[in-house]
Amino acid sequence: MRWINTKPSRATQIALMLAPFLLLIVAYGVTSAARLADNPADKLLPALQTLIDAINRMAFQPDPRTGEYLLWSDTGASLVRLFSALGISTLIALFFGMVIGMLPYVRALLAPFVATISMVPPLALLPILFIVLGLGETSKITLIVIGVAPAMIRDLALKVLELPREQIIKAETLGGSSWQIALRVVLPQVLPRLITCLRLQLGPAWLFLIAAEAISSDSGLGYRIFLVRRYLSMDIIFPYVLWITLLAVITNFALDRLRIAVFPWSNLEAR
Amino acid sequence: MSEIVLDKVWKEYGDQIVLEKISLTIASRAFVALVGPSGCGKTTFLKMLLGEEAPTQGGITLDGVPLIAEPGPDRGVVFQRYSVFPHLTVLGNVLLGKVFKRSPIAARLFGAERRAAIDEAMTLIAEVGLNGSETKYPAQLSGGMQQRLALAQALIMKPKVLLLDEPFGALDPGIRAEIHVLMKRLWHETELTVVMVTHDMREAFTLGTRVIAFERPRDRPEERERYGAVLSRDIDIWPPRIAGENSIFAPDRDDPVIPLGLRQDDPAPQGDILP
Amino acid sequence: QAQAKTNFKVAWSIYVGWMPWGYASDTGIVKKWADKYGITIEVTQFNDYVESMNQYTAGAYDAVTLTNMDGLSIPAAGGVDTTAVIIGDFSNGNDAVILKDKTSLADIKGQPVNLVEFSVSHYLLARALESAGMSERDVNVVNTSDPDMVGAFQTPDVTAMVTWNPMVSEILALPSATNVFDSTKIPGEIIDMMVANTDVLKDNPNFGKALAGIWYDTMAVMTADTPEGAAARTAMGVASGTDLAGFEAQLAATKLFDKPADAVAFTSSPDLATTMDKVRTFLFDKGLLGSGAPSADVIGIELPDGKVLGDAANVKLRFTDEYMSAAAAGTL
Amino acid sequence: MRWINTKPSRATQIALMLAPFLLLIVAYGVTSAARLADNPADKLLPALQTLIDAINRMAFQPDPRTGEYLLWSDTGASLVRLFSALGISTLIALFFGMVIGMLPYVRALLAPFVATISMVPPLALLPILFIVLGLGETSKITLIVIGVAPAMIRDLALKVLELPREQIIKAETLGGSSWQIALRVVLPQVLPRLITCLRLQLGPAWLFLIAAEAISSDSGLGYRIFLVRRYLSMDIIFPYVLWITLLAVITNFALDRLRIAVFPWSNLEAR
Amino acid sequence: MSEIVLDKVWKEYGDQIVLEKISLTIASRAFVALVGPSGCGKTTFLKMLLGEEAPTQGGITLDGVPLIAEPGPDRGVVFQRYSVFPHLTVLGNVLLGKVFKRSPIAARLFGAERRAAIDEAMTLIAEVGLNGSETKYPAQLSGGMQQRLALAQALIMKPKVLLLDEPFGALDPGIRAEIHVLMKRLWHETELTVVMVTHDMREAFTLGTRVIAFERPRDRPEERERYGAVLSRDIDIWPPRIAGENSIFAPDRDDPVIPLGLRQDDPAPQGDILP
């Protein structure tokens, strides 16, 4: 039988799925033990117990200074920023994506500009952003929006343009005005795509969040990572990184479920 | 009344001449079948009737008035694909035209107005044989059912003219035969002038009152750009079909062959569609 | 530009000598003094030191914590007339040149040296090389961001590094690291201070007084050998990402001016002029006093006694003991 | 006429396209002039002349210290890193994307792992990267690869899976082995997609390049930006940011041309 | 010789029974046309013959030997779509089978071997009427030409069995008629047993030597899962068609109707395809 035709059984499949994760954990354990045997004070790859202690300290014991549970207050602060920024980006992308996609004049005006803007490395513009917007939440959220929105606008405008011309003509023959067509034909069809497009931007959004928090902040997951990086406190960095990854995976999954729940037809289409 | 008159219409795209000097009068309630080889400009012709494209030269009038240069509710259309909205249910698709008419800002109907519109839509849905499928999405319908839906959706606007661009080209022959029956009935019962593009001669002669062929007189590759297609044949079907009347000569000559009794237009089973 | 106003913004970044500002803000000392003068002071913590100075230079903040060298090369060279309100401490071992598997400064010759380019580390390296009769041409400088120093030192291709605390103590804890030169060898040359915009200060002297009041109040708490003092130091340690022991180790390498009189004495001593001259020469050599600067004299530095180092018509950095003296005299 | 049906003429289109760029330049000029009137030494928004001087200094005058023309040597250093990293990512993505897409066993083994990995924020892993790989070019290139490759692998595996099953069956009936099918049926069809996918990753790649150069380097566009950021030398930062944007736009365009030139059939398909 | 025997074949997908107890012997060189409503399992049946799916119960033999459980060069296939490779030219598509056979590692041919293979491919390309289009990509061909190409590509392997899944379902009737002629000629001239799925009764009776229908005896929605389709009709065409021989009774009864003289299978003009 050809390799491309051999299929693992359900059980094998699960075993295979878990294998690389287990391997990673084992590899970590072995390397960590070796390094610690060499130098018991080594901080790069802390022992499992050290990691658990750190998690316990960050997540379940109040910070002596503020009385807060740091992991949760950091998570809260970061998620508020992340979701505000993603919310704003989504609205911006929806509006500009739709007008660029639908109106030839606006397309001529903005499409090349947005395409260029989306190539500007946002990190390089950070100082200006902070000066113009101050250091509060605004500038952090704005950085994420700047980093994420242009790509979303382009993607969405493209989706609008990809709607079969036939559909628009049909809507016109049903007497639809530009506004009505936008509202009832284009909008509902790009909304599910908007969610997909949002999912694609989760990675970059986290990146910009961490970058923004690294510069000025007093809480947040990225802040904490950069703060303790000076001490190479990998016992805190590792759990934080895992936690961020987990949050990203969950968000990604939840958004997809949301799409299917709200727009059932978008999944019928798929095939 | 809905007479369409084309007066020396030319259409060019950039340097390429697509249609040359088409003059044509389409009588009210005619059913024109338009045939011709691929790329000869049939769709382009239909787009001009729709108002989606403007003629490069010449003029088109509908009932003596120059055509509005945009698609509008006086002219309905059904394409081979993408004629229905995938995000709306069958009922939602048929309602849409009503909604656009009555609710310019919110584009939604409520209360009694909505109930009245639904009643009207349901009648039309039953008319095209889709009763029972009102809450389904187009992706849950077979190809033939989708085209029936597209017809119902167009007809709720009571257009003067119905333009069809290979509407049944993607259907299997059995399904096609069934929808021909429906199409003919609708044409008989509704105040419609129909222009239908088709590749299928049999279809053209089964449905049309008049068959028109476009052809490029010069079609060598090097000539393609420089010469467009012209109206090469114009055949009135005889004995004439008249909208609303049975053919006196052979009342059932137009019946489709019903194949072997297999119900080919059944909706595909759900399991096939849901991923 | 500046006028009498009541809202002031202060930026500080995470460093042992500046942690008191965060503590003062958290515990209400800032509010106490601001209320006393009928003003409000918003204290903002930066994770990124450079960004805090940039924000100040661009006018978004009225005061900022920085070192004497950066004060001259960033706001002053950027045209912002800046006054050092409080001399908080000087580095007394907080900055160090560290070699891997080598034990003498002379071994640095020919090696790549990882440091934050154009920072006080760069200055320390220049002074270290000078002390050993070498110059920067004898080494190869590699710019490396400060939070990553500890990790970077453990990589094979890094053999020499100049950095500051807390990274220094983390690195020195590694078995292969040796401190070959540190700021104890150049006492008083790397000064950490709180500076404010001169125009703002001139129009709002109460702002300067409030800053001084905050600082010395906080000093009193944190240096006290009492449970409250230990609690304050613990809090600062945790806020900077370490614990009490780690923070006290860093404090030990810092000559903190917890008494205003000591700070006044340091500021008024003629050594300051010598130090600033070395610093401006270094900056000029590196082209950091502006691209068209004809000489190190291009920017004037005013000393507490009114003498000016450099161009008296272009004074952009001013040292004064006015506010610290007031604190010493108890007239705040 | 409906708004969605009004189309600008060719000339209007060009005018509209240029408008936002001109507006941006004018807005910059005005704001810059206002700030400079306030403080002639202001560095945040330098005057046009200052920008030109800086460009001239960086691009056309040798650096007094090293004798190099900084803009060009920085560009060279950055592009070498960027293209090496993208080249490596492409090869990795091609290999793993194809095996994940074609072989059910490998898919069960690696697909969930790659999906998870692609959610890890790479910047947070920098310290480990350094220690494992050193501070040289390797770690910079690796950062970009880590940041870019998982997304490319996923994208490509998806493309392989999207190939109609009919094609694979057909190839099997032509006697193709797994290897032959990979080589002659799957590979050529995913290559154009690989280029598209590479274009999508240009933005993130630049981002990671700048981040890596900010951390440890002695040349490169990102290095220079972060070095002079210390002095708020916006007169250098702005031209550098524009230059990066321009390079990204050109690369993006060139890759698309390359795809069309090498795989002419991939453009026939589009419609 | 290529006789296919199915012995009590069942096929289930999970809980759903698709085909029930199909027993059937397909004679060598037969042309079986398989019809049935949508979703009744025709494609599934073909997939089992291909080896792409295994029967849940029962066995299939080809010339008495159990079928290899994977598609292979002894069984050719043409689908409705996606049967040709978009990245290869016409020549490349037809060559591919030869290349796979001769060059296991590099999967490319060079020199004399390549020239020989090209000669063979060119003959076949001419056979299906695609000469002149050797260097074109499938996207540059019309639908009918693409299916001709798919036939040529399959035939170069000289398969014992040719499986066709609605191969002409997407074609316009005119083009379909032309390709029917080709199909019939190929069947006469090549050592082939053909099984063709179609929705078109006319096509089934025009081409087949035997028409087989699948049907679900119980087809109410709640029964769909529990009962599969069975072989409901099995009609031998009379007078019999015999591979390689003209029908003695009506030599030309199988000729397609040639429509109105429009060349419907012309390649679409380049301008239509290039964006």
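Think of it as A, B, C, D and E in the order they're written, each chain with its own count starting at 1.
Assume contacts are C-beta pairs under 8 Å (C-beta built on N, C-alpha and C of every residue); 3 or more make two chains touch, one makes a residue touch a chain.
Owing to the predicted nature of the structure, the values given are computational and were not obtained by experimental measurement.
> Considering only chains that satisfy the touch condition with subunit B, which of them also satisfy it with subunit D?
A, E
> Which two chains have the most C-beta pairs in contact?
A-D
> What is the distance in Å between the mean C-alpha positions of subunit D and subunit E?
Using C-alpha averages as centres, the distance is 46 Å.
> Centroid from C-alpha atoms only, then distance subunit C to subunit E, rounded to Å. What do you get?
Here the centre of subunit E sits 82 Å away from the centre of subunit C.
> For subunit C versus subunit D, what separation do you get between their C-alpha means, in angstrom?
Distance between chain centres, rounded to whole Å: 38 Å.
> Could you please state the distance in Å, as a whole number, between where the Cα atoms of subunit B are centred and where those of subunit E are centred?
Going by mean C-alpha positions, subunit B sits 33 Å from subunit E.
> Which subunit A residues sit where two or more other chains touch them?
Residues 2, 44, 127, 131, 172, 177, 229, 232 of subunit A touch two or more partner chains.
> In subunit C, what residues contact two or more other chains?
Residue numbers touching two or more other chains: 54, 58-59, 148, 150-151, 154.
> Give me the residues of subunit E that touch two or more other chains.
Subunit E, residues with two or more chain partners: 70.
> Go through the chains and record each pair that touches.
Touching chain pairs, listed by label, are A-B, A-C, A-D, A-E, B-D, B-E, C-D, D-E.
> Would you mind writing out the residues of subunit C in touch with subunit A in their complex?
Listed in rising order, the residues are 14, 26, 44-48, 51-52, 54-55, 58-60, 146-151, 154, 166-167, 170, 173-175, 234-235, 238-242, 246.
> Which part of subunit A faces subunit B closely enough to touch in the complex?
My answer: residues 164, 166-167, 169-177, 179-180, 183-185, 188-189, 263-271.
> Please give the residue numbers of subunit D that touch subunit A in the complex, ascending.
Where subunit D meets subunit A, its residues are 2-4, 6-8, 12-13, 16-17, 19-21, 44, 102-105, 108-110, 112-113, 115-116, 118-125, 127-128, 131, 151, 168, 172, 177-178, 181, 202-204, 206-207, 210-211, 222, 225, 229, 232, 234, 237, 240-241, 244-245, 248-249, 252.
> Spell out the residues on subunit B that touch subunit A in their complex, using ranges where they run on.
Against subunit A, subunit B makes touches at 50, 52, 70-73, 75-77, 79, 81-88, 96-97, 99-101, 104-105, 107, 137, 139-140, 150, 153-154, 157, 159, 273-275.
> Could you pull out which subunit B residues touch subunit E in their complex?
Against subunit E, the touching part of subunit B is residues 16, 35-39, 142, 169-170, 172-175, 199-203, 213, 215, 224, 257, 259-260, 262-264, 266, 268-269, 271-272.
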